[in-house]
Amino acid sequence: MIDPSWVAGLGVFLFCIGLWGAFTRKNAIIVLMSIELILNAVNLNFIAGAAQHGDATGWVYTAFAIAIAAAEVAIGLAIFLAMYSQHETISLDEVKLLKH
Amino acid sequence: MEASELAILIPVLPILAMPVILFLGQLFNGNAKWKGFWKEGGTIATAVMAIVFLLSLWLIVGHVSAFSEGNGDDVVTDVGNWVSYQLFTEHGDMKVQELGFGMQLDHVSVMLLFVASFLCLLICIFSLGYMNTDEVNENRNHRFYGEFVLFCAGMFGMVLADNFLWLFIFWEIMGLCSYLLIGFYYERPSASYAAKKAFLTTRVGDIFLFVGLLIMHAEFGSWDFAVVFNAANIGAADAGLIKAMLLLMFIGAVGKSAQFPLHVWLPDAMEGPTPVSALIHAATMVNAGLYLVARMFPFFAAPAMAGELGDVALLIAMIGGITAFMAAAIAFVQKDIKKVLAYSTMSQLAYIFTGLGAALWFVNNGHDELAFFAFGASMFHLFNHAMAKGMLFMASGSVIHEMHHAHHHLEQSEDGHDEDDDHHFDAQDMDNMGGLASRMPITAIAMAAGSASIIGIPLIGGFWSKEGIVGSAWKAVMYDGGGLFIIPAILVLLTAGMTGFYMSRMWFMTFAGKPKTEVAANVEETTPFIPIPLVTLTFMTLGGILFAGLNFAGWLGENSTHLSLSHAPSHLWHEITHAFLALGSDGQMDPFILIITWTTILLSMVIGPFYAMSLYGGKLAKGQKAHWSIAWIITLSGRIHSTYKFDNSIWAESGLSTALRNRLYFDQWYDSLMLKIVVPFSYAAAWFDRRIIDGVIKGIETGSQEASRNIRSLTTGSARDYIMMAALGTLALFLLIWGVA
Amino acid sequence: MSENSSKKAIFEREFSIVATLVVGAGALLLSFPLFFEEAVGEIDWITIPMVAFPILASIILLALASQQPRGMKENMAFPVKAASLGFSLFILAISSALFFGWLGSIDWTTLKINEYNMNHEYTWINSLGISWHVGLDGLSFPMLWLTTLIIPITMITTWEENSGWYHHPLLLLMEGALIGVFVALDLFMFYVFWELTLIPMFFLILKWGGKDRRYAAQKFFLYTFTASVIMLLGIVTLYFLQDPSQYLIDRGVLTGRTFSMIDMTNNAQMAANDGSVWLGESMQNALFLMLMLGFLVKLPAVPFHTWLPDAHVQAPTSGSMVLAGVMLKMGAYGMFRLPLTLFPHALAEYQYLLLAIGMISLVYGSIVCLGQTNLKRMVAYSSVSHMGIVILGIASMQPLGFAGAIFMMFAHGIISPMLFSVCGSFKHHYHTLEIGSTRGLAKASPFLGGYMMFSWMASLGLPLLAGFVAEITVLVAVWMTFGWWVLLPALVLVITAGYYLWSMQRTIFEGSGDVVLPEGMAAEDARDLSPWENIGNLLMALLIVLFGVLPWIIWDMMSAYANAHFYFNMGGLLNLVAGGA
Amino acid sequence: MTSHVDEGSQAVWQQLFSDSQTLSALMPEFVMLMGIIALIVVPNLGKAMIRLPLTKIRIPWFFGGQRFKTTSDPRIPAIISIATLLIATILALASLMGNATRWILYSGESTEMIVLLKVDGFARVFEILFFGALMLAAVATVSRMPASKPSKNLSVKALINNRRQVDFHILLLMSGLGMAIVALAQDLFMLFLGLELASLAIYVLVAFHKESKAGTEGGVKYFIVGATASAIGLYGMSLLYIWHGNLQISSHVFSADSGVIVIQGLDRAFENADSLAYIALGMMLVGFGFKVSAVPFHFAAPDAYSGASSPIAGVLATASKAMGFIGLMRVLLLISLPEGDGSAAWLICLATLSVITMTWGNLAALGSDNPKRMLAYSSVAHAGYMMAALTAVGAWRWGHISAPEEAATWVVTAIMFHLVVLVTFKLGAFLVLALLELDGGASRSGSLSGLARRDPVIAASMFIFMMALAGVPPLAGFMSKFMLIAGIVNVAAGDAGSLMSSGGITAFWDLHWVWWLALAVFINSAISLFYYLRIGVIMFFEEAESDRRKPLPRAWFLRLAIWSCALGTFAFGVAGDHLIILCNNAAESFFALS
C-alpha cells in the first residue's frame, strides 16, 4: 500500500498547480479546470486521511467533494456561457467593465 | 424717611429713564408734539435730572449738617445682594463671599455727587437749547437724551458705590456712554473713529484696573471699601501685590482721565456734541480716574504700608506733571476751540494727579497734615475745574452753535451758493472767529470767568486749589526727601504760566479783535436755554472764594472736619494769608514756598496772558461794544498788541511747533502700532487658522480621498488579479500565524 | 386659481384643526400635573414629556406636512410654524414653572452633589443595564431652561426668514434632543441624545444654509461625530470598569453593570472619600482625556474648533442661534457632568493642559476674530474665544471658577443667539456678510444697528449685561489659581472690544450721511428688521439685561452646584491645589 | 475550548432519520425542502396523463403536458417562495421558543458516531436571519422582477421575467437551505456542504440577469474567486482531516446502546496544534474570509454587488456574510481557542486582518461614486468591525479572569445582534436602490439626487439606513456597533472591573491591547460617516437629474419591504432588548456543550 503521505504530497502538488493556474490563466475555462485541480487535491487528501486514520468518513467526504466539483463545473460553465453571450469572450482579462 | 433710603433712586431713576426715552422716541419719532413740548425726550431727561439733583441735594445737606452737628459719619447703605459664592483659600477651607451693591457717602463722594448731579442738570438744560435747535440732530435727539441719562446714572453709581466692583461696573457704563455719545454723529467717519479710539484706549486702562481689582479680591477676599480699607486687612496683605495692585489701578485711572500715555482719545472725543464734551470729557467722567486714585488713599495711609508705596505716589505725580506740561504745550498751537479746551482739561486733570501724588507721598511717609492739605487741594481743584470747564465747554458750544447758525443764515441769504462750501467752513476754528465779545456778551463773560478760574487768577475759583497743588509738590521736594518730585514740581510750575498763555489766547482769539470772517460778524446770541447754565456756572466759578472761606479744601482733605458757616470769615482770612504769604500751619512764613507762590502767580497771571495779548489781542471793530466787565480786558489787549509786537514766527515755524500740531506724533505711533503690527498679525492668525489648523482637517479629507483612489485602483476588474491578491493574502496570513505560533 | 385657493382654504382649516388638536392634546397632558399636582402625586416624570413631546410633535408635524400634495406644502408653513411655536412655548412654561418652584415646590440651591430633583427612572434596555433615567440639578436645570428659552425665541426671530414648512418642526426636534441631553442621567441615553442633536442641525444647515452649506454641514456632522465616538469609547470602557453586581444580574442585566451616572458618581466619590484615586491614576487620565476630547470639540476649543466657523457662516440664522446658544453648551455641560465629576484627580493632573487650551482658545480665538472679514465668521470665532473662558473657569479649580464657567455657559447661551440673529438679519436684509461692504447702515436700519450695538456690547463683557458676571467671576478664580496668567484673558477683553468696535465702525457707522449699500443693491431695498425679528431680538436683549442686572436669579443654583461639587470631589485635592496661588 | 460532558443538560440526542423526532427538530429545513419541491412541481402541473401500458386507461399524472392555467401562472412561484420562507421563519421562531437543544447524529458504524447537526438557539437565530433576509429579497423581487399575468401582448422583457420566476425562487430557497445547514452543522464538512449549496445558488443569482453585461461579469468574477476561495478552504479542511482524523467541531461523550462513545473533536485536538493545523486553519480562514468579504479576499464583492440586482446584493451583504461568520465563529471560537494561559494563535493575525479590512473598506467606499459599490465596500468595513470583535475573544487571557465565558458570550451576542440588525438597514438600503433600479438604474450617486423631493418617505428611510450604517443613535446600527465595542472592551477590561469593588486600581496600560481595536472601529465608523452622509446630502440637497423628476414607481411590495426594514432599524435601535436577550441565549447555546 502506498504511504498516505505520498498521496497527500501529490495533493500538495496538485494544489499548487491549481492555485498557480487560477491566477495566471486568462481563459475562464482553464481557470475553472485549475480550480478542479485544487478540488482533486482535496479529494486526494481526504483519501490519504481516510487511509491513514482508517476512517470511512474520509471516503464519504471524497464522494461528496466530487459531486460538489461537478456541480460547480456545471454552474461555472453556465455562467461562462452567459458571459460569452454578452461579452463575446471568455478571457477574464477582457471582462473589466466593473472595477474600482 | 431718611435721604439715604432714597439714595438708590439717584442712579436707578436715570437708568429707568433711558429705555423710556428711547422707546417713546422710537414711537413718536417725527411727531410735532414730541419735538415741541417733549423736546424729543429732553424734557423727560431734564425732569429726571432735576429730581436727581434735588435728591442729591437732600442727601448732601443731610450729610453736611450731620457732620456740622458732630454726629456725622460715613453712611453706608446696603442695597442688596448681587451674587454670592464660596472661595477656596490656601488654608484649605472655604468661606462664603457675597457681592452686594451698597452706597457709601463720605466727603469726597458727596462732593462728586454734587458736581455730577449739578452739572448733569445744567448741561441737560443746555442741551435743550443746543441740541434741539440744530437740524442735524433732528429725529435722533431721543438717542442723545437716552444715552445722556444713562451716562448720568453711571456717574452717580460710580460715585455712590461702596465697593470697587460696582465702581468698576459704573465706570464701564460711563465708558460705554462716552463711546455712544462721541459716536453720536456715527455717520461721520471721524466721529466713528474717535468713538472707537476712546473706548479702546480707556479699555486698555480698564483691564489693568480690572486685574488690579482681581488682585484686590485675592488679597482681601472682597471689594467692599469697608473691608479693603481696613488697616488690619491691609496689614495682612502682601505688600508687593498691593503695590502691583495700586499701579494697575492707577493705569486704569490714567486711561479714564486721559493722562499720558493713554491721553490720545480725549482730543478726538471732541467729535461728540458739545454738551457731551462738557459733561463727560470735562466735568464728570474724566474725574473718575481722579476719584479712583483718591480712593487709594487708605492704602497709603495704612501703617503696614508706611514707606512702601512711595514709588507709586511718585509715579502718579510724575505722570501728572508730564501730562500737564505736554498737554499745555500742545494747547499752544490748537486752532479748534474745543481742542484747546480738551488739552486744557488734560492738563488740569494732570495737576490734580500731581496733587494727589503728593498727598499719597506724604501720607505714606507719615506726614498726615501735609497729606490732608494736598488731598484737599486736589479735590478742591477737581471741583473748581469741573465747574469751570463745564462752563467753558458750554460757552464754546454756544459760540460754535451761534457761528453755525450765522453761517447757515448767510448761506440761505446768498443765492447760488456752492453747497460744497458748507463743508469747508469750520464753526469751531478760532481763525474764523474774533470780536465776538460784543455779539455774545453772556458767553464772553462766562468764558472769561472760566478761563480765569483755570488760569488761577487770584481769588477766583481755581486759584485756591492750584496754589495748594503747586505748593504741595514743592513741599514734597523740599521737606520730604522726594528728590525726584522736583520734576513734577517744576513741570506744574511751568504749566501754570503756559495755562495763562493758552487760555488767554483762546479767549482773545475768539472774543477780541475784529471779526476774521463774515460769519463771525453776524453772530447773534439768541438760542434759548443756553444762557441759564452759563450764568449759573459763572457765579459758581466766581464763588470759589466762598468755598475757600468754608474751608472746603480742608473738609475734603480730612473726613473728620466739617463745614461751618460761622467760621467762614476767619477761615477765609486764614486761607488768604496761607495762599499769599505762605504761612505754615504754625503761622510761620515759609520763604521758599512764598517764592514759589508768587512765581506761580506771576507766571499765570502776568506773563502768560501778556504774551497772549501781544500776539492775539486787539480792539473790537468800530461801533461794537463789549460788556463793561470785559471791555477793559479787550482794550488792554489791544494796547499791548499794538505796543509789544513779538515775532513768534521762529517758534511757529519750528519743528517743535509742527510736532505740537501733530500732537507729538502719539496718534501716529499708536495708529501705526495698530495698523502695522496688530492688524497684520491678526490677518496672519486668520490665515494660519484657515490654512494650517483647518488645513490639517482638509488635508485629512483630501488625503483620504487620495487614499481611496489608490486603494480602489487595486480593484483592477480582472478576476485573475483578485485571485492573486487572495493568494498573496493567504501567504501573508500564514506568515503572520507562523510568526506568532 | 380659485380652485387652488379654495383647496388651500380647506387645507388650512383642516390642518389648523389637526395642529390645534396636537398642541392641545399635548398641552392638556402636560398641564394636568401643573394644575392637579396633588391629584397626580409626584411629578418626577415631568421631564420625560419635555423630551418626548417635542420630538413626537415634530415627527407628527413633519409626517402630516410631508404627505401633502405638491404645491400645498408651502401653504402649510404658517400652521406648522404656529404649532411648533405653541409647543415650544408650552415647554417653556413648564420649565419656568419648575424654575420658579410653582411646580413641585423645588429648591434648587440645597441639592448636594449627585442629588437630583425630578429624579425618575424607567427601565429601557434592561439587558445592557440601560435605563431612561432623568433628573435635574443646579447644573442641568439652567441649561434646560436656556434651551426652552432659546428655541421659541429662535422660532420667532426666524419666522419669516426661513419659509420652509419643515424648518420649525426641525427646531422642535432639536429642542427635544437638547432637553434629552440635559436631563439624562444615564450615559447611554445621554449619548443617544447627544448624537441625535446633530441630525436636525445637519438638515437646518443643509437646507437653508449659505453657498457652501453642503461642505459645512458635512464637516460639522463628521467632526463632532468623530470626537464623540471617542467619548463613547471612554464611556464604554468606564462601563466595563465597574463591578458587575449580582443584584443587577438577577434582574436580567446581562453584564451586571449600568450606565447610571449616579452610581458612577457615587463610586467615584467613595473612592475620593477614602483618599484613593478611583480607577487608578493612569486610567483616570486616559478616560478623562477621551471624554474631554468629545466635549472640547463640541465646545469647541482650539485646535478643534475649525468646524465651527464653517458651520456658523453657512448655517441659517436659526441654525446658528441654536448652535451657538445651546449646542456649544452641551460640550461644557458634558465636561462638568462627566470628567470633572468622575475624575477630579485627572483634572488636577491636566489642570495646566486645560489652562493652555483655555488660554489659547481665548487669546488666539480673539486675535483670529480681529482678522476676519466675514461678520458671522468673526462672531463664530468670538464663540471660540468665549468658550475659552469656560475652560479657564474649569482649570482654575475653584468653586467660583466653576460657577463662573457655568454662568458663562448660560450668559453666552443668551448672548450668542442674539449675535447670530443680528448677523442673520444683516445677511437677510443686505445679502452680504462682508465687513466693510456697507457703511452707515444704522441710518437705513436703526433697529438692526441698535441690536447689533447692544449684542456686540453684551458680548464684549459690558457690566450689567449677562456676560460680565461670568467674566469677572472666572477671572477672579483664574487669578487665585494662576496669578499673573490672568493678564492674557484681560488682554483679550481689549482685543474683543477692538474687533467688535472695528466691525461696527465698518458696517453700521460712517458713510458721511449716506448709506453705503453692498454692490448691486438698490437703495429702496434697504429695510429695517421685520416685526418678528424685532420681537425676537428684544426678548433676547431683555434676557441679557435681566441676567446681567440680577444674576442671582440663576447664579445661586449654579454656585450651589459648584460648591457642592467642590466640597465633594475636590475634597481630597485641596492640598494639591493649595500651592497654586 | 472546553468540551466536557454536561450530564444534566436538556440535550436530546437523535440519530438521523431514526424517528419522527428528527423531522420535528428539523422542521424548518424540511419546509424549505418542500418549498423547493413545490416550486419544481407546481408550475409544471398539467394535463399530462399516463397511459397504462397495453390499455387505454389514462391516468392523470399531472406532471407535464399542457399546464394548468392557475398553477402555471408566473406569479405563483413568488407566492410559494414567500410562503415557504414565512412558514420556515415561523417554525424556526417556534423552535427557538421551545429552546431545547437537539443533536443530530449520524451513526457510521456501531462504535463510531459523527455529530452532524445541532439544533439550538444559535442556529435558529441565524436561520431566522437567513429566512427573513431572503424573504425580504423575495418580496422585493416581486416588484423588482415583476411577473405579469400571461396574455398575448406581453413585451419581451415581461415574457423573460415570467419565465425566470421559478428559477429565481428555487435558487433563493436553495441558498436558504444551504445557509440553514451551515447554521446547524457540527461537522466542518457538513458546514462546507451547506456553504457550497448556498454559494452555488448565489453565484447563479448574481449572474441572474444574463442579458446584461454587468450581471454576467459580476457573476463570473464572483464565481471564479468564490470557487477558488472555497476550494482553498476545503483544502484546508482536508489537511485538518489528515491531521486529526475527523472534522468534528467539538468533542462529545455520550452513551449509546453499545456503550460509551467518545468523540475526540477538533477543539480538544487544537490544544497541541502543530504547523499543519495552523496552515489548515489559515486556509479555512481564506474560505470564510471570502464569504464575509474580508480584505484581501473581498475584491470580487464590489463587482458582484454592482452586477447583481439590488435585492440579491442585499442578500450577499447580509445573509451570505452571516453564513461566513458562522464558519469563522465555529472555527475560531470553538476550535482554536487555547485553554491555558495566553492568547489565541491567530490573535495578531486576525487583529491585523480586521483593522485592514475595516480601514480598506471605508477608505475605498469614501471615493466610490456607485452607491452599490459604496455599500459593498461598507459591507467590507462592517465585516472588519465584526472581525475585530471576534478577535477580541482571542485575547481572552485564560486563567487571568474569573468569568471568561461571559466575555466570549457577549462578543458572540454582539456579532449575532449586529448580523440580525444588519438585515434591516443594509438590506433596506439595497432595497431602496432596487426601487431606483426600477426607475432607470442606481449605479451612480446621481441616481439618488433629489430623492427627498421625489419621494420624501423613501428618502427618509434611506437616510435612516445610512445613519444606522454609520452608527448614529438611536438606530439599530448604533446599538449593534455599540455592542461590538462593548464586547471588545469587556474582554480588554477583563477583570479590571471586579477589582474596583475594593477601591482597586488599574493602570490604563493593564487593559489588553485589543482595546485599541475598539478605537479603530470607532475611528473607522467616523470615517464611514462621511460617505453615508454624502448619500443624505445628495438626496436632500441636490436637484434631481433632469430626466428623473417624476415620482418613483409604485412598487408596493418593494415599498413594503423597505418600510419594514426602516421600522426594524428604528425599533431594534430603541427597543432592542428582546433581541439582545435572544441573541444572548443563542450565544450561550453556541458555547454550551454536552
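For reference, chains read A, B, C and D in written order, and residue numbers begin at 1 within each chain.
Here, contacts are C-beta pairs under 8 Å (C-beta built on N, C-alpha and C of every residue); 3 or more make two chains touch, one makes a residue touch a chain.
Keep in mind the model is a prediction, meaning the values are calculated, not measured.
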Greatest separation from subunit D - chain, by CA centre: B
Pair exhibiting more inter-chain C-beta contacts, B-D or A-D: A-D
Rounded Å distance, subunit B centre to subunit D centre (Cα mean): 82
Rounded Å distance between subunit A and subunit D, as computed from the means of their C-alpha atoms: 25
Whole-Å gap separating subunit A and subunit C, where each centre is the average of the chain's CA atoms: 64
Rounded Å distance between subunit B and subunit C, as computed from the means of their C-alpha atoms: 41
Residues of subunit A whose C-beta touches two or more other chains: 19, 22, 31, 92, 95, 97-100
Residue list for subunit D, restricted to those that touch at least two other chains: 220-221, 224, 228, 232, 302-303, 368, 530
Numbers and ranges of subunit C residues touching at least 2 other chains: none
In the complex, subunit B residues that touch subunit A: 712-713, 715-721, 723-724, 727
Of subunit A, residues touching subunit B in the complex: 19, 22-26, 31, 92-93, 95-100
Touching residues (chain side subunit D, partner subunit C) in the complex: 406, 410, 413, 456-457, 467, 470-474, 478-479, 482-483, 485-486, 489-490, 492-493, 496-498, 500-501, 503-509, 511, 515, 518-519, 522-523, 525-526, 529-530, 533-534, 536-537, 540-541, 575-577, 580-581, 584
Footprint of subunit D on subunit A - complex, ascending: 4, 8, 11, 15, 18-19, 22, 28, 31-32, 35, 38-39, 41-43, 45-46, 48-49, 52-53, 55-58, 61, 64-65, 68, 71-72, 75-76, 78-80, 82-83, 85-87, 92, 95, 97-100
Contact footprint of subunit C on subunit B as seen in their complex: 26, 81-88, 90-92, 94, 165, 168-170, 172-173, 176, 179-180, 183, 186-189, 192-193, 195-196, 199-200, 203-204, 206-208, 210-211, 214-215, 217-218, 678-679, 681-687, 689, 693-694, 697
